[in-house]
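Next up, some structures in structure tokens.
Shared between the two complexes below is chain A, which pairs with chain B and chain C, respectively.
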Partner chain A sequence: MKKKVLLMGKSGSGKTSMRSIIFANYIARDTRRLGATIDVEHSHVRFLGNLVLNLWDCGGQEAFMENYFASQRDNIFRNVEVLIYVFDVESRELEKDMHYYQTCLEAILQNSPSAKIFCLIHKMDLVQEDQRDIVFRDREDDLVRLSKPLQCACFKTSIWDETLYKAWSSIMYQLIPNVQELETNLARFAEIINADEVLLFEKATFLVISHNERRKHKDIHRFEKISNIIKQFKLSCSKVAASFQSMEVRNNCFAAFIEVFTSNTYVMVIMSDTSIPSELTLINIRNARKHFEKLEKLDKNRLNAGRQWRV
Partner chain B sequence: MSISDSRIVESPISSQHGPLTFTPTDAAQLSKSFAPEIEPDGGEEKKSLPRRSSRLPLMHPTWYSSSINNSSTDCLIGSGGSVTSSNNDSSRQEVPTVGVAEHDIPKLSVMFNRQKYYSRLVHPSDNRMRIPDHVLPASLFYIIPSNTTDKQSSIVTIFAIWNTMMGTSLLSMPWGLVQSGFTFGILLIVFMGLLTLYTAYRVLQSKDYLDFEAFEFSDVCKHYLGRWGEWVAVIFALVTFLGGMLVYWVLMTNFLYVTGVFIYEKASPNHTISNNTGPEVLCPTGYPIPENTSLLFEELLNNTVSNATSNSFYNWWSSTKTVPLFLAILVFPLLNFKSPTFFTKFNCLGTLSVFFVITFVITKAVNWGWNLEFYLSDDPNGYQLPEFRATFPALTGMLSLAFFLHNAVITIVKTNKNPENNVRDLSLGYLFVALTYLTVGVLFYGSFPLPKACIASNLLENLSTHDGFAVAARLFLLMQMLSVFPLLAYMYRVNALYAIFNSAWPGRTHVILVNLSIVIMCVLVAIFYPHIGEIIRYSGSLCGLVYIFCLPSVVYMMAKRSEEALSPIAILMHSTIIVLGVLNFIAQFIIKPSI
Partner chain C sequence: MNGFSAIDIMLNPHDLTEILGQANTGGVHSTLLVNPHGALVAFSGYGDNAVRVKATISSNIWSAYEHSRHNAIDDDSLHCLIMSCQTGNVAIHHAGSSGLLLCMFADKTVGHGMLKAKIAAMAKFLNGPLNTIVVS
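What follows is the complex of A and B.
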């Protein structure tokens, strides 16, 4: 059964843009709707193997909310793995926002009590830089308080700085069950093939799940930049109905390889020793792939077993 | 705030942040982000630190960058070195930040990467994924110096013209009249005034033929004559400044020396001169005085001799040996400031000192009476007052520097409130300058009681060290020159360094080296060749050749030719002007005026 990731929030809080950016979806020209979403937007984005993203607008007309929401509630909130709730920092109706949020939490508590909850305080670029931390801490305290007995993790985000990417990377990181093991294995892999850096990306979003840096790099924004570049390439590929599979970039300073790795991940290997032929690195990656897939399978079984017990 | 350029700086940061390649579509998309339209720069890859398309003119506001925070006075230097600050105080002459601030580069680089990606996610006409204004770093914007809303009235412009042109040539005017003969000298002053007025008018007009905004005449030259023309303009501007500085140094040495002597003699107990009122007038040129001079002036020779006593003070305080060095020690630290704006505050001293000199000359003239007829009698000794002398080029050489405004005229006149009065105001400015020179020259010359050949090229030398007025004048002028000299040195240094290193402050060592070279040159000249008349006429005729005679005429003829409106008469007239300039220059080497 497919597990859901619910992306919820008031209309206009930025969910569609967020989804589009993270998942590299083209936004149709006119998505400005005059009212609340009547139906939940099913997106066919699958990520992390068995998760499906559903986007829901919360809010709008009161009566509508009460009726439709109430009747469809169980349907929507069953089998939820993750709830991502988006708040607009500029919203003038804080009370209402909290009210809707709490309604969603009640539904989660009833239907998927083990779901992980993330709250994103979005559009932070509209707040003055020196105020941002204060405003965020404020909201965070309120939300943590309101969410009890459930636990929520809060992030401040904006599409115009690195916070969105970091927040989603953190979310992705928490959704991956065996990430510590992955990281140690990645470190060993990097040692063996003598790479400058090895990165692991999630397949659908190209969010960096883990990375191992053997040689320091000055650009702290490089992860987001690479994700953006690859997503652009993916968009171009999809225009010709091709799917992105691998990439090699080489010049006299470095060689970079982006390859499919496991069923959920891509790997990127940076080699600064350009005398090593590409084939060698590719063979290494292929061999490592088998090892990591085994890791993942092991863990999937562990995970599924765990999940069964939790319900 | 209007957005003019947004340029991104590449390496050495690119190695850390990745290359910033800017394709045409990106430029187009980026430009749509801003409400006011910017012009995306073609599609060229931004490879180098952006330079302004035209080389900065000789006196560009950016050179005051680090100094001017909120003060926005423009500083101009005219020939001979008086300084004026143009009165557009409220003009937002902020520094255009050429290039992006270093700390903003990583932010910009990732912002750009994001924008590229986000814009792929929506339809091009969709506004939602455009970079909002508040997210862009401020260093992407620069404030274009606006057309100043604060314009000056005509009177202020005329005064600015007068003030800038008034220089130390004022002190040499009587000497110039001696060299050229009285009547002919007056005619020459008038003629040169008119000629330089005409070419100044041409300079002013030259920027009207261009469709881009030229800051100064050197921009115009660059446009018409290319790099070569620009270099010519720069080199000759340097010569002008250098000439001014040498003159200033010699004068300062002289004033310092005389003031020192005065103080010493006042203070020392054994006064060589018993009566305080020594001879009022001296003849430092050594011209023999005829016997039938008034007794009042007999002791002058005694006075000159007494100075040569082997008094230990005079060994230490010699105007040709030690005073220049003392002056160097005093002045050198002043030259090493990064910004000259401190010195521009003393700019009012210049005007005051000019008025002081004029008043002083008038007073002396009244005292001495009119001595013009003194030697018109058929004196067998031949002390006839020449109406014309063959050494007149000395005067024309001097006048080339005296009427020099051409490298600043555009900037001064630009702020005139009613530009249609530009010609009138320029003419009036020149008229007043000519009148001032004539007044000082004629009055001093006419009333000078000794043979006119005694008149020194610095008229204050003709007055005794005890003359109260003269002492005050020297002190005043010394202070004024001390405040202007650093400005001249600054203009020289900035022009030289910018031309060679493309930066006005390439490093402390460079600056110190340039300043040292200036000081050494000045000291050498003060020791071995302290004849300001000579310096003025040589440097004046040289710069005049280029700036007053050649460049305006050439530029005008080229402009007219590009319009196909060049008439033979214009060619003839302007070629004559050029020839006159060349002759003026050559003549300086031929004649031997009395020093």
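What follows is the complex of A and C.
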């Protein structure tokens, strides 16, 4: 099942770096070597096994952008599921940025009016910490206003912290076809095994695609923090040619289990009842695995069956 | 889609502990479930700690007898092991078909017959849920 995702924004705003970190296992430091993207870089990224993201990383230099809006307009803006527009927070040409953004929106409105729009205010690490919220809110207000009648979701991001994961997780979440079903099953799973919280990560990117919270937690940013931490750990494992499979973290307040789950996901289970032996939780995870694997297969078959009907 | 039937085949920790606890009367002071590798799966009891050590030792003893049965004439697999120790009696029994073991620890006051009856009853009761799960 192919979904087209456009990644657009001015030259040097950080699009290719983001893409490399989320999908190509770059660490933030590695992105320094990336040069300017020439024209459009197509990449097909597999996500969750049966979802293929057709990622169009569009070079942001003016010459290219003019081209997109003129001769390549229909080609680029047709059949778009998601538009991700990246703004460099430090840009000195706000007017121009907005102008290009609005031109994109016009093209979207004409060719893919039901596309979901995400605006990423990027490089937030360059803004002083106490200013970040204010700056972001300001930009967000402008963007929401300018995007009308289309709706956009805004995120502040930086490749140097977990905010990148939060934004991309939310974007990916929109693309998963059976997300409701996943959540219902996850809820049931969490209830039976007495877990405080259960998270589902996509295997390659470690983006959180679903979660169930049975016990309230104060830190609303924990998902992206965990994505970030585990992804880094996974990458350092691969540096020594080891593949990350599972982890158990335990202290006197909680036990956390990260295990390979289905062929496309990892699961994280948090238990605050430390009297429950680890092995019991592991047995439960193993048994739930079969069920979720079946869910994934069913979904795949459903998609394939749907495809056959198209002429 | 009726996919929930499969997901019900899991073990709820509280329920399991409660069930195991039902045996802890009249001298029986702890009941445990151990996996084939000696890891503790569930337990209910009072008295001294070192539950995990007991679990691993029990599992080891079982494995030792299980392996040596190949030399015996009788081809039946090991059902139940009852040990008389200095300060108490121990019974180990098959639980389900996936290799889990049920262990019961009791005072010297509990007769072997009673211990065997209790553990057999518990194992029979647990057979239902334990036969459907995958242990390793």
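Before moving on, here are some points about what is shown:
As a convention for this text, the second predicted complex is superposed on the first by the 157 of 311 C-alpha atoms of A that agree within 3 Å, B and C clash if a C-alpha of one lies under 4 Å from a C-alpha of the other, contacts with A are read in each partner's own complex, and residues count from 1 in each chain.
The definition used in the following text is that contacts are C-beta pairs under 8 Å (C-beta built on N, C-alpha and C of every residue); 3 or more make two chains touch, one makes a residue touch a chain.
Quantities reported herein were computed from a predicted structural model and do not represent experimental measurements.
In the superposed model, A:Ser20 lies in contact with chain B only, and not with chain C.
When the two complexes are overlaid on their common chain A, residue A:Asn194 makes contact with chain C while staying clear of chain B.
In the superposed pair of complexes, A:Arg286 makes contact with chain C only, with no contact to chain B. In the overlay built on the shared chain, the residue A:Glu259 is in contact with neither chain B nor chain C. With both structures placed on the common chain, the touch criterion links A:Glu202 to neither chain B nor chain C.
In the superposition on chain A, contact of A:Glu296 is made with neither chain B nor chain C.
Of the two partner chains, chain B is the only one that A:His221 touches; chain C does not reach it. No residue of chain A contacts both chain B in one complex and chain C in the other. Contact residues on chain C toward chain A in their complex (touch as defined above): 1, 3-4, 6-14, 16, 35, 39-43, 52, 133-136.
On the chain A side of its complex with chain B, the touching residues are 17, 20-21, 24-27, 29, 125-126, 159-162, 217-222, 224-225, 228-229, 231-232, 235.
Listing the residues of chain B that touch chain A in their complex gives 16-18, 106, 109-111, 113-114, 116-118, 120-123, 125-126, 128-129, 131-132, 134-135. For chain A in complex with chain C, the touching residues are 181, 185, 188-189, 192-194, 273, 276-280, 283-284, 286-288, 290-291, 294-295, 298.
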